[in-house]
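Take a look at the structures below.
Both complexes shown next keep chain A, but they swap its partner, so chain B is in the first and chain C is in the second.
Coming up: the complex of A and B.
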């Protein structure tokens, strides 16, 4: 009764498989059209303000401004791919900065040594990751949607930061050692902040695209029930993803302290919107399952380029908010349409 | 026949006050297609859930190759070579077919990269193309997300995944419900071919002609119990429907002795007590909901 019929006819298949359907795939990539928008913006500003926009100074400025959002955006890409969202990142950044800042104040202040700087960095990262993991654990229970969990986290983290500081940004929160190196330092003309952000982006972009961790992130966003049946520990994975987001918010706090030397308790209330906008502009689906770190890079640079470009050509920069808002809604609309056509097929 | 590959004996499963399974028996043999049929609420999905490790039984026992087992979850069952093709296919739509095939058991690169969790995509793709070819399925582009495939191809991906790893039993829950005529024939052909490899195939279906055409044996579930185990060749749609609805019992229950085809399966069909409490329509979805939590 056991007649194993294994007549592989793989040749035709593998041939078909090997032909890269380049055109189709290029058209299907969510990043492509956002990249075209970014390129168009750069071309436009370069022509509109010849010799002004496309200077090394402006590029560096754009990159430095974008560096922290990029780091946050990488974490947010993971979260959004799991069909989640994290509204708390700005507050977590502040909380991590305050925790690190308080340590710094009591261990040398602005003149603190390298030992203190290292401990401050560790504190910021640990506080961020722990807060993220906590939120992830609540999300993993599937009793409270991520939107609410992190909305609660937004309020709570900021509140704790304000309690710790009395609501005032403490003086001497960052050591000169930190500011003069990571904050203002450059390597071959490239600011350390930019190098750090690029490194983080590269590493987590590769992790998302090439590893089992990345695949499980996509799978959970795509079909959590199927992932569970396939033996993926969905809850544990969500905790890790939110912890990663928190960790990167902690890193953002370090970068902020290095760059501005203060905790800016009141200055991060719209970080979440900016970062989520960048992630969505980059083609990552708010409904989960699809997205890429590369797209987020592009998505971060669109508002940054707009901002600098509008200043350079002398238009009120507030138009940037209007433009980004419109593009954001359009991006989600297109994503939704694509999903619908797909489900109809 | 030899010992069953997978057997349920007197399995009991309750959901609150509803007793979905009240001492159900079931057996799947190597190289055999056995159809599991029953009316809505008969307990088919619950029984499959118990046998595939998704649900923990409240009583009775499950035997694998004659030895009692306890599945702590679907992974346990999968590790034992028992795979399930769910009615909703259970695919990650945004991932490509190879990634779905290896979902939860990805192949990693060798050496340091593998230690870092880097996937061996080429190997996964190669194996996937081979697995699909064995089912007579050609994927135009193995790197396309499953969402871009046709319904039949998606079905094939789900079946290929189960078949590629099952070495004992495959459960197919309504595998043809959403398919067209041609695809339906394809899947049934596949079912036959899988059984011919020596795997026990359990087909859950509502479609009687389909059941009779592809199954070797039919087990009928009614009100949470097995009421009949029939050879497909010796039975008819009327008989199956009769067993499913219980009208058969009433019609000739005490009169003529059950035909040889109604071979006793531990529990005689006419023993089905009429006054049994009717669990009004156990919602079939309940178990799968349970599992999602």
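Coming up: the complex of A and C.
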């Protein structure tokens, strides 16, 4: 969380410098309201459960459990800003985990050495990026909408993973070396999973805000035809954006193997909805052209804080789903009201 | 937009899942042995089997035993199962089996009510139904219901876990989802038996929708609220995996004792390396064999036992090597 708080300033500045006035207006303090909602939730739970919610232990566990969704959310932010969507991320994560896991099983299993671990990481990243690039290439043809491309990808990637494993999570898919470092290891009390997720968020948040790659991403989402006339290679850029999403799904697979030690083939069917919820909560427009990584960070943490907080204060579980749903709709509603008010003035 | 996304994606996922199931059914050695061609003996009778989750070693063990028993009796046998524990995934399988009019159907319904109409229709067309493992609320469905005595299993789990916890602290059940007959009965038996220990407080049950990540987050949140947490009863393998990861992240592995149902290969590994402390094993092979026996009796017009409960046993690190206990360990393939 601390890493992201330093980020919005450069982000906003470059947007001011490089993007059209409409975008400039939309950025600015775009994340403030959702951040206030998050802060209000934290304050509420801190008061409601003194000494239980706002503790180093509890904040750490919220961050650890959000880490993978954060990494996926960063990629999804790029995709949604291009007015696209990627429903396949859970399946791509599983496919990448299975590919890496199979290599690990045949090259040392649980006791595998660092060489094997490095190759497994490379395999997971490569499989994810390749699958993402493939989907991006189909999207770039503009013959099939991203919703359908990635819906197809969702089924196909999971199917291939199930074919490769017979539908069963293979044993010894993760090396102890990986689990004991990235999975459960800590640096100065902060879990490596959180550090990795924060690093990825910072880097790609800056890329989105400061580089030409980011500016092109916004431009394509705002108006692909105008972007093309302005000389942006829209197709090639879309391939890169979807490949980035796939790459981060591959990284998510590495993080999953590290912390859970298994491929959990059946355990990722709702990753896409969770991550898209987070991105939308963070104020990124599903119609493209507007959004930020910082918003996504807040969007990931709102449901995470809600779910943990409601358990800590002992609310019956069925209310948790209701609460997350209500907050989602309310946050987007407030966001839209605010925008409209400002655009009128 | 997200509201239009989800139903479409579900449908598509369902389609893909079903396709994957069909593709797997063609390749998996365990499930497609009995060819649908004319089977010898027993008047060419045929039994179809639909399990809850195809890749679950519990159902694989059951399927293997049923298949061997059917072969021994000269009955044709085919088996399939849902890719996920989901009504919308299992119903098409039931409907396709219904269209084939087998003489007998062994099924583990994934919901206590939602599949009743489909099953009644199959039953009305003359197919004898044996409900194995899970069942439906409507008692007119099925000629026999064979399952582990799940309430008893919950009690066995409670006693073993209470012993591991030193009979004090808080204990929580994390299960898959409400409305599944077997897990509901286990939780009931577990909670009632735990209530007999004055030093142990039973917290409200949580459900993780079969997602390990959710279970991991839930167990860590519970630890924040209840630092005296001493035991967890995990509903199934995915939940157990998530609970184990959550405890490891919290540095509480081995401090908080974990009991889980079933004795799948990776659970045995977890028991050996101390991630799990208690396994309550069912006897899926006995369920499969008895279902085939009862269906064969029904084909022959002999009396059928309407309800059979099979035994359960608690496995811990200490008794794992006992051959009487070791035979309960599930198989990953026939």
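Just so we're on the same page, the second predicted complex is superposed on the first by the 298 of 345 C-alpha atoms of A that agree within 3 Å, B and C clash if a C-alpha of one lies under 4 Å from a C-alpha of the other, contacts with A are read in each partner's own complex, and residues count from 1 in each chain.
As a working rule, a residue touches a chain if its C-beta (ideal position, glycine included) is under 8 Å from a C-beta of that chain, and two chains touch if they have at least 3 such contacts.
Computed from a predicted structure; not experimentally measured.
Look at A:116: by the touch rule set out above, it reaches neither chain B nor chain C. Touch criterion not met for A:34: it reaches neither chain B nor chain C. Residue contacts after overlaying the shared chain place A:260 against chain C, while chain B stays out of touching range. Touch criterion met: A:64 reaches chain C, while chain B stays clear of it.
For chain A, the partner that touches more of its residues is C, with chain B and chain C as the two candidates. When the two complexes are overlaid on their common chain A, residue A:55 makes contact with chain C while staying clear of chain B.
By the touch criterion defined above, A:135 reaches neither chain B nor chain C. Of the two partner chains placed by the overlay, only chain C lies in contact with A:184; chain B stays clear of it. Using the contact criterion defined above for the overlaid structures, shared-chain residue A:225 touches chain B, although it does not reach chain C. Overlaid on A, the two complexes show chain B and chain C touching no common residue of chain A. Within the complex formed with chain B, the residues of chain A that make contact are 1-6, 8-10, 12-14, 16-17, 21, 24-25, 142, 207, 210-213, 215, 218-219, 221-232, 289-290, 342-343, 345. Chain A makes touch with chain C in their complex at residues 49, 52-53, 55, 57-58, 61-62, 64-65, 68, 85, 87, 147, 151-152, 154-156, 158-159, 162-163, 166-169, 171, 183-184, 191, 259-262, 264-270, 272-273, 276-277, 280, 286-287, 304, 307-308, 311-314, 316-317. Residues 1-2, 5-6, 8-9, 12-13, 15-17, 19-20, 23-24, 27-28, 53-55, 57, 83-84, 204-207, 209-213, 216-218, 220-225, 238, 241-242, 245-246, 248-250, 265-266, 269, 332 of chain C are the ones that touch chain A when the two sit in their complex. Listing the residues of chain B that touch chain A in their complex gives 31, 54, 73-75, 78, 84, 86, 88, 90-95, 99, 103-106, 108, 116-119, 125-126, 129-130, 132-134, 138-143, 147-148, 150, 193, 196-198, 288, 291-293.
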